[in-house]
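These are the structures, in structure tokens.
You will see chain A twice below: alongside chain B first, and alongside chain C after that.
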Partner chain A sequence: MPDLLTHLASARVPGAFLRDRRVQALLIFGSFLPDVVSKTLYWAAWTPSDFLEPLHSPLGLLLLSYAAALFVEESLRRPAFAALFGGALLHVAVDMLKDNLGSGSSALFYPFSTREYELGWIDPENVVLLIPLDVAVLALMAWLERRLGRVPQ
Partner chain B sequence: MRILFGDRLWILKLAVAAGLLAALCHRARREFAEAFPSYRSIPVYFENQRGKTFYLWAKAVVAAAPDGFDIQTDVGRFRVVSPERPPAGERVSIVGRATGPRTIEAAAVQRNEGLAWKRPVNYAVSIGTFLVFLLWVRRRFRWPIRDGFFRSRT
Partner chain C sequence: MFRNSFYGWKLGAALALAAAMTATSAWRGESIHPPAWRCLAEPERWHGAELRASGPVLSLDRDGFVILWQQVPLRVLAPSAPAKGEEVEIVGVLERDGPCLRARDWRRFPPRARYRWIWEWVSLLVLALILVNFLRHFAFRPEAVRLKGR
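Moving on to the complex of A and B:
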């Protein structure tokens, strides 16, 4: 998994163009959701990793995002679901940049196929080397928000 | 859409979503175990696993061998047949075919240099990021326990 700072930086790019800070926060939370849920179950409940595969596939994340959106107030629930699901899909897209020797990080078409996909651009352990880049992206997005008057409400 | 996102039968909708997700995960456990069997099954069920492809993550190289190198796993040593010669002590990830009860013919070898510090840094940064996020988001949402919902402050 790339660290959550990388996922935060990737979610801040589309998030900077959202005016509603609550939706922005939910988009970021959505980008954390696959790892927060799967790592919690893996480490705290010793859940087998095969069981957790749908938490990095679109259909599983659709259900997870819907369940999470139900905890948000009714008036915000529909945009909350879109933000959570969008963030979760962004998470999968960022995970797909990793090189797991062709074994992939996401079964995009599960339950129709167990084939896992990846782009193989970066060694999974070297994602920590992206931290300076993440910080730069976060600073740039904060600056852009202010510069373009896009400071969300 | 109103049916899906309204407050009516809220707990039932949550139960259905959680149930469907649990069913999907339960099915995945069986299907992924069949599609991607664990290397741990090779020494025990070699005849069933012969020729299948396995992924071994971050195993310690313990010795060089004439045709490759040996790695240590939680089920004992494996010989990896490969033109790669990583030094003893290094961590490597491998994709390869089972050609013997404790032999894997590598299709690809990835050296996991610096794993001992990169992994803890990854987790530390992730946990720190999540905690900072929770503090930041706390200003946007509140948690009225009696309602069982997150409510925005605006």
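Moving on to the complex of A and C:
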């Protein structure tokens, strides 16, 4: 899903309650991780889409999040992994809201099943209508952060 | 699991397993998302496969319509039909006779689909801002992941 603003808004909701700004940054990056990796492989490396199924499956994202967390300093690695994987799962959950005529975009049980799941609530061609809602959520979370005293250090 | 011991092995194993998953996905993916030319060249092989196709409607007939899918005309059997020239998206099952696609469901692309570029640019802007924010909190030190001699 190319609508990263919606993914940002959805990741900011749990992120607003995190004290550590580094973990918050990792949670948001984790929510972009499935698209950043799959779109980079697709557009830059011309990888056929068949290769990219696991990048929107929990097990594939678990491995990817673990590999990404290893690039973070040792003391922060465990929460980094939790934030990256949590953000990536959030991405999959948001993608599942889309309506792809029942053909889905998230292979939840890959590699045990190639069936893709979706809830079918949002027409992917209509996500432009979500921009005002996303901006409202981002503003609300920024206000909430100030109320909770989680302002940037 | 998160310590520095056996760092290279852990990183290598995670990346190798992820790569193996993508490779097996491509191998199994033939049956999930076969390309148009392959389905139409070998309809016997892909008979019964569920396909997702999209494109402009080229012509209409009594039982359905023909769309241009990945530069290939594809006949679609559907109880209702869009107008000629409309952009549609279809999910259905390929039938070897024809070959044709028996639609399970289809829809027109809404007129606002032409504004797709807006959210693509917004997404790129968001990505750039997030990367800038990320670099405010983290510095990349290549020596941390460089392999050292014993």
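What we mean here is this: the second predicted complex is superposed on the first by the 149 of 153 C-alpha atoms of A that agree within 3 Å, B and C clash if a C-alpha of one lies under 4 Å from a C-alpha of the other, contacts with A are read in each partner's own complex, and residues count from 1 in each chain.
The rule we apply is simple: a contact is a pair of C-beta atoms (placed from the backbone, for glycine too) under 8 Å apart; a residue touches a chain by one contact, two chains touch by 3 or more.
If you're wondering where the values come from, they're calculated on a predicted model, not measured in any experiment.
Chain B and chain C, once both complexes are superposed via chain A, clash.
Applying the stated contact rule after C-alpha superposition, one finds that A:Ser103 touches each of chain B and chain C.
Applying the stated contact rule after C-alpha superposition, one finds that A:Glu74 touches each of chain B and chain C.
In the superposition on chain A, contact is made by A:Arg21 with both chain B and chain C.
In the superposed model, A:Pro54 lies in contact with both chain B and chain C.
When the two complexes are superposed on chain A, the residues of chain A that touch both chain B and chain C are 2-5, 8, 21-22, 25, 28-29, 32, 36, 48, 50-55, 59-60, 63-64, 66-67, 69-74, 77-78, 81, 100-103, 110-111, 114, 123, 125-128, 131. Within the complex formed with chain B, the chain A residues making contact are 1-5, 8, 21-22, 25, 28-29, 32, 35-36, 48, 50-55, 59-60, 63-64, 66-67, 69-74, 76-78, 81, 99-103, 107, 110-111, 114, 123, 125-128, 131, 153. If you check the complex, the residues on chain A that touch chain C are 2-5, 8, 21-22, 25, 28-29, 32, 36, 47-55, 57, 59-60, 63-64, 66-67, 69-74, 77-78, 81, 100-103, 110-111, 114, 123, 125-129, 131.
Only residues 2-4, 7, 10-11, 14-15, 17-18, 21-26, 28-33, 50, 52, 89-91, 104-107, 109-110, 112-113, 115-116, 118-120, 122-124, 126-127, 130, 133-134, 136-138, 144-145 of chain C touch chain A when the two sit together in their complex.
Listing the residues of chain B that touch chain A in their complex gives 1, 4-7, 10, 13-14, 17-18, 20-21, 24-33, 35-36, 55, 93-95, 107-108, 110, 112-115, 118-119, 121-123, 125-127, 129-130, 133, 136-137, 140-141, 148-152, 154.
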